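A short worksheet on the structure shown next.
Labels run A, B and C following the written order; every chain starts at residue 1.
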């Protein structure tokens, strides 16, 4: 009962609690009923956020960060590839959308399309280098690329606004054929929220499809044993690269939405920002796509609550994160879906 | 054609000062169950690795089904129809038994896409269930692989190799660490599999080899000591010497 | 030309400090098999301890003795409490855990010492300039830093090569299972190596103070550079870390002189080149 380490489950005789954790870590075995049901859960979560979070821009931010974190979890949870540089496609996606809106057109479609596609391309280049090695090398390489990107953004003042950020991104418009919506996060947050929710849900559904697709399954198999996946004839690097590109494109989309929400793209150290999204993933749980989404909502709630009481709120975030990694590596969602029901069953069985 | 599925010529490899494999040639005809035996350190596993491309040969070449595969990456060799079961059991530990085998079956179906659910590809599901049935793991279909017993994990390892629909199956000590009853059923299984697929295997247990192999190569200190039918091997003085003088 | 030479000296100094961090990371990775993300934050803690000790005693000499020992103890305590449960788990979990520690350490220091930095007074004894014939005199303290780092690096190398403990550590880095089979109590060596790694980072913290002052985020930037050094030099390679650290220190410093805009980018370009053409690093084993 005390052994909560999944590794213990691998070599030692399997204890019940360890088995539950093992289950939770095994993405492929995330309770089957929640696979597509995650979309339903997300709808529920979005509705809850809409009605309970008083600050509209925070509520919209939760959707955007949730999508960003869910995309990262393709790499972290499903691929076993911990990227420490996921801020890069988010921030650059923001620049891409912001620059399009400022200089080319105020069409939200075009801005988001450019943000998504450009980050897919950038991720293809970065992934090609980072995926030359895996495990900790991969983490360090992604971190280094993020830092490189940060310096470029910092120095390339004319384009990015450098340290001051890219200001004056105009309000965008969304042509829907029958009508044209103005996406103004300040004056009409409800429209912005609903449009974001639809985009996020559709993208989320596409991510689930990916995890359920043959390639998504191979991705998980590579996490388990790359050698064996190669032995089946798979080009494992290619599968990982495709995943890296998808995660980057989703981050670009999220970054574009975030730029549209704030009419601004700020600059902060990318290692820190990459860390934030990673914390969201781990807090929520890496065994599903919904988990990171929940983690993002939880993190932003923690941030907005704690920062009201103390300037050192990051201290508590760090502490919670450390406890989470130490004791609940399956995260909140993993805890709710596997360990808790499992323990309930045990106590009931014991009676 | 020649009817040879595998042809290795003059394979040679040293590690530092150790000459692990010395000028070994090997011919495996279609449908054979060819065994490689030899004491520990005789170069069996290195020979396997030279064939699969895990280790690059210093000299020599390997032909698979008439094509030169010398030094080709393993994934590429695997795509051509050569599968390997591992000496140290290698499965996907945290996936279900079904998922383990499906990954392999899917590789053979060339349906490695990302825009449709894997569940919707019925041919792969059917193939997976067939293999599970054949290997006798149907009952454990939904178990997590790492929770299986050692013997069952070895069978799963074999199932994964088989599900890729190989034309040549390399087995590295398929009965290692198995109880006598598990060994017996695995031997039966290997014999059965051989009806469909050519097998090249490394084995330690002499009785296992002698009962099922169609041809045997004896390795000793990296060199081919002898090659022939089981009966010839059994009675060959040099082989007896190696095995009976305790060079094991 | 004068400027280039003195910039070279600065590059060697900052490279030498990088070497200390990279060596610790490398050693910990070798034996404990994870990347210690909190390395930079612990270096920062060492620098802060120095700043207080120096303020109290008026000199950094005492800090140079006390801080590494204190950091070794902190390192050992961390290893025994939060890092130990990570063994046997995914390598990445330890990386994440130490990432969380970084948050705690940075915010903790910020809470205690404030967000603004602190200055550290260099030793009076070395408050003079040396003319090395470079055209422009060099502060003696910088030369002292280089010598001190060389001594630490040399000592570390001798420790690994010549002592029984070092022998076991090296053997453990090569083959964990074998060393355990020999009945060596491996846990102790893990604690020891982690403590040594952190102590060495502490030395870097002490030496940095008088040059740049101390501030809560000082560990973050240098940590990422130390990662780059480890990758460029070759994971697990002792001399690789030394060579790559000095190389990157000098490169950055020289670039600052001629094209300061690119100074921040140069190490990463180098790393991408190395990863593309020699993925195992300059001196890394295959």
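Going forward, contacts are C-beta pairs under 8 Å (C-beta built on N, C-alpha and C of every residue); 3 or more make two chains touch, one makes a residue touch a chain.
Every value quoted in this text rests on a predicted model; they were computed, and no experiment measured them.
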Centroid comparison with chain B (C-alpha atoms), farthest chain: C
Innermost chain, taking as reference the mean of every protein Cα atom displayed: A
For chain A paired with chain B, centre-to-centre distance based on mean C-alpha positions, whole Å: 41
Chain B and chain C, separation of their C-alpha mean positions in angstrom: 48
Rounded Å distance between chain A and chain C, as computed from the means of their C-alpha atoms: 32
Touching two or more other chains - residues of chain C: none
Touch list for chain B against partner chain A, complex: 73-76, 78-79, 83-84, 86, 90-96, 99-100, 102-104, 106-108, 111-119, 121, 124, 144, 146-147, 160-161, 164
Residue ranges of chain A touching chain B (in the complex, touch as defined): 9-10, 14, 19, 22-23, 25-29, 209-210, 212-218, 220-221, 224-225, 227-236, 239, 242, 246
Touching residues on chain C, where the partner in the complex is chain A: 29, 34-35, 82, 85, 88-93, 95-97, 99-104, 106-108, 110-111, 217, 220, 224, 227-228, 230-231, 235, 261-262, 264-265, 268-269, 271-272, 275-276, 279
Chain C partner contacts - residues on chain A that touch it in the complex: 5-8, 11, 80, 82, 129, 132-133, 135-137, 139-141, 143-145, 147-148, 151-152, 154-155, 269, 271-272, 275, 278-279, 282, 311-312, 314-315, 317-319, 321-322, 325-326, 329
